[in-house]
Amino acid sequence: MQSRSDYTPSEMMITAAARALKNDDVCFVGIGMPSAACNLARLTHAPDITLIYESGTIGTKPQVLPLSIGDPELCETALTTVSVPEMFAYWLQGGRFTVGFLGAAQIDRFGNINTTIIGPYERPKVRLPGGGGAPEIASSCREVFVIVSQTQRSFVPRVEFITSFGFGNGGDHRQRLGLSTLGPSLVVTDLCLMRPDAETKEFVVTSIHAGVTRDDITARTGWPVRFSGDVTQTPPPEADELRVLRDLIARSPRGGGTS
Amino acid sequence: MTKAVRFLSLADAIGECVRDGDTVAMEGFTHLIPFAAGHEVIRQGKRSLTLVRMTPDLIYDQLIGMGCARKLIFSWGGNPGVGSLHRLRDAVENGWPNPLEIEEHSHAGVAAAYAAGAAGLPLAVLRGYVGTDLPRVNSNIRFIDDPFTGERLAAIPSLRPDVSVIHAQRADRAGNVLLEGIVGVQKEAVLAAKRAVVTVEEIVPDLRPPSPNSVVLPRWTIDAIVEAPGGAKPSYAHGYYKRDNAFYAAWDAISRDRSTFLDWMRTHVLERGSESHAVQI
Amino acid sequence: MTKAVRFLSLADAIGECVRDGDTVAMEGFTHLIPFAAGHEVIRQGKRSLTLVRMTPDLIYDQLIGMGCARKLIFSWGGNPGVGSLHRLRDAVENGWPNPLEIEEHSHAGVAAAYAAGAAGLPLAVLRGYVGTDLPRVNSNIRFIDDPFTGERLAAIPSLRPDVSVIHAQRADRAGNVLLEGIVGVQKEAVLAAKRAVVTVEEIVPDLRPPSPNSVVLPRWTIDAIVEAPGGAKPSYAHGYYKRDNAFYAAWDAISRDRSTFLDWMRTHVLERGSESHAVQI
Amino acid sequence: MQSRSDYTPSEMMITAAARALKNDDVCFVGIGMPSAACNLARLTHAPDITLIYESGTIGTKPQVLPLSIGDPELCETALTTVSVPEMFAYWLQGGRFTVGFLGAAQIDRFGNINTTIIGPYERPKVRLPGGGGAPEIASSCREVFVIVSQTQRSFVPRVEFITSFGFGNGGDHRQRLGLSTLGPSLVVTDLCLMRPDAETKEFVVTSIHAGVTRDDITARTGWPVRFSGDVTQTPPPEADELRVLRDLIARSPRGGGTS
């Protein structure tokens, strides 16, 4: 067990995210922190996890974190590499992923994600990169984990643009749209873990990282955030997790885009 | 239909195959991005292009910043692992150097649209865009009902570019092309297009035993082949050279400011000949 | 969704995965036809199967003649290079040993329907069947209008078998499977199905560097793997053994007569154990 | 030049069919006589012709005639091999073939082909193998060549079942169905060559093989067959053509299904 000064909030976040993954998961991996968390899981408690990047690399086992979604390392260490149209048709749309792991620019209380635009679409204040694989990751994976640093600006009551659908307006909105997948089941931040309320589907805090207060979380959430009745404390990173994560990042080019 | 492939210089291939106003797809999913060809398009001052690409990368940032494009069809426009494409943002946010119309999709949508184009179909049908705001801002995303189950599915027009440009590892002397490693959507982009230009690392007597996930394009699917070693730099060519990650990081500062960008383009692209395929900082 | 692959005996794999009344696809385009698995289906006396296959081959002739099938979905039912499938004809023409419902497509249709099934879609859209009489006799061939161009396109339901059975060259000890050579529609058949059974020539420590046009199926796409060397005979396994063309020719005489056929099946299939995978005359 | 006793009608037919292929053709090859004709062309006047079999083998150069559409020889000598769904989607439907080369059980005066059924569909007299690749070969290749032995039974006024659409009822029937390809432009038999009339699209005899009379042809055609105004005599097989063809068949298993 590490004391809080021994690790960074980012390390806490990546470690907590990694722990949510299971050994038999088949995971659609976004670049950046999702990639760090997925590979940490693979190098610790989930050695048989299948990691898949949208570049078509299936069952990849990179020794370093890729800077881009299509680094050669991903292809060279993969069980097989398929074309991008096949990846999206047979593998993602075909419903073969247990977990989709996404980042976000903005996320709202119902787990909807915006990575498209700030301001009006035709006259944007900030043009973000856009959806990429995320819209269909959000609808086709059995469940979705989101990893994102928590700020007032990123945790908003309602995203301005739904790039990736979470629970929409909450409740049974997913089912009403014909989606049979579970949707976002976990949001991991540098402060806490959040999970959707069983009924309303509003994200509520279920676990607080060491050294973080409820006020910290409230101050950095754009809606009146609620806390679960049985909120727990997130176990800090183990020494072994930290060692593996730091080794991984140290040998990766520029931190594999996690910075 | 079938084509009579020719081996051309880069200047001639781009000059003959890319025309003002064309819909142009330069594909390469992180890997094998046709930078040399894109730079030649810039040098030749092509205008009013509709650029198509799943992941507008630095090369599209450069084309847009140099005023070659009037429209962009895409699904993810960023500098992978680094951040924004500043020239793309400046065009969308401020209309500089000219307004840029955008048609925005998801990766699943664009990939399916290329595949449908390659298959000679007018539309792609997919389970996509459910619950997102993309159909609200893109009238080319519609929904149809399956006549058998009644299920609602997304439909988008297939992509059938006037010209597709890709970079590959090798061509043989007959003009057959091989690419390997991460093969992305390049086969579909070539087969979906009216005209196809391929730059290659080398022209060889035979294609050599290819690796498991290789793609071979027969000579009669290609209009022009250009020998352009280093033509994918600063992206990479599996088996030839690595991705220049430092350049991708450095591009952030170069591209943030309009005049820094223009200076860089002048020195590294405009004032260089079409024979120097690999641009470095 | 993902599966927990198991290594089973042929008898257990077929016993657990193929159930009376199932829709079963045993695929293999001339190459890698899963004869050993088909024979086990016959030995276990499975009934009322809906058999799906682009090219019903000798193995489907045998299944039909032994009364396993109530329906056949197919696109070309002959003995390649030889002539008719006499048991298929006898079932269709005379209802022996039982009536056989047929749903008839073209290769393009069945291939697209498997691909759509693998892609989790309820329908396949293709330019097909134009001017033919097939839509007149198959109500699963319909036509839709493209919402963008108004073009008329064929639509057929996707194929989503209860179980697909294929034969492959190798599996590794984790259960990942490799097939190479002519790969046909087997990947799609496996990914489209609820359950998948793969018989293989051998189980190896690793899959070895595969050839250019190889297909790898991850372990979590497969339910059961059976080591069945020779399991594709009298068809062939690229890199292992050749096609037994003489057997294909001889089958014409064996299968022409009901009692000759039944005698042959008794001797060469029913009275043999499931451990002898390669049947020879 | 050979005298008629030096070659068989089958050799005449295969040779005449081979001659119709050009060096830059991309040809969808049916098994049996089409395969023999296509490979004869490749081994004589059209060395660069691209032969493609529906098993996915592109640019194949078999040394022997395959017995089946998926013989290993086809894969081993191919430029590349693709999956069967890709063959039909990207290559056939994608409109990449200049010529589709088909056999037929029954063909009618408008080039429609039946390989499905003799008698009523629900109560067939003879159940034939069915369409396979042919329905879309007939609609997607720029033009179609048919090679078939000529008999009253095989050359019928109207096929009972259209497996592969030729010119339908003749005239502009193809255009009215939205087909932009040319349709069947040549039928090669053991007696003659037939081509469609420019207007009516009825097949008329344009060339007669050596030693064959008009009466022979009329007697073996199920409709009142017409002869072109400028009907020619088919040049007999050259010695070189015969040598290459016989070598090819001699080294092939059971004649590559041409018997």
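Letters A, B, C and D name the chains as they come in the text, with residue numbers starting at 1 for each one.
In this section, a contact is a pair of C-beta atoms (placed from the backbone, for glycine too) under 8 Å apart; a residue touches a chain by one contact, two chains touch by 3 or more.
None of the values given here were measured: they were computed from a predicted structure.
Chemist: Between chain B and chain C, how many steps is the shortest route if every step has to go to a touching chain?
Modeler: Between chain B and chain C, the shortest chain-hopping route counts 1.
Chemist: As a quick test, compute the distance in whole Å between the mean CA positions of chain A and chain D.
Modeler: Here chain A and chain D have centroids separated by 57 Å.
Chemist: Report the inter-centroid distance (CA atoms only) between chain B and chain D in whole Å.
Modeler: 40
Chemist: Rounded to the nearest whole Å, what is the centre-to-centre distance of chain C and chain D, using the mean of the C-alpha atoms as each centre?
Modeler: Chain centroid spacing, chain C to chain D, equals 28 Å.
Chemist: Using the touch rule from the top of the page, what residues of chain A touch 2 or more other chains?
Modeler: Residues 80, 89, 93, 140.
Chemist: Would you pick out the residues of chain B that each touch at least 2 other chains?
Modeler: 115, 119-121, 126-127, 151, 187-188, 212, 216
Chemist: Once the touch criterion is applied, which pairs of chains come out as touching?
Modeler: According to the stated criterion, the contacting chain pairs are A-B, A-C, B-C, B-D, C-D.
Chemist: Which of the residues in chain C end up touching chain D in this complex?
Modeler: 29-31, 54-55, 74-78, 80-82, 84-85, 88-89, 92-93, 104-108, 111-112, 114-115, 126-134, 137, 151-152, 181-185, 187-188, 212-213, 215, 236, 238, 242-243, 245, 248-249
Chemist: Quick one: which bits of chain B touch chain C in the complex? Just the residue numbers, please.
Modeler: It comes out as residues 119-123, 125-127, 140, 142, 144, 146-149, 151, 153, 155, 157, 209-212, 214, 216.
Chemist: Under the stated contact criterion, what part of chain B meets chain D in this complex?
Modeler: 1-2, 4, 115, 118-121, 176, 187-188, 191, 216, 218, 220-221
Chemist: Show me the residue ranges of chain D that touch chain B in the complex, using the header's touch definition.
Modeler: Listed in rising order, the residues are 24, 26, 50, 58-59, 79-80, 89-90, 93-96, 98, 140, 142.
Chemist: Quick check: in the complex, which residue numbers of chain A touch chain B?
Modeler: 31-32, 54-57, 66-72, 74-75, 80-85, 87-89, 92-93, 116, 121, 124-136, 139-140, 161-165, 168, 173-174, 177-179, 253-254, 256-257
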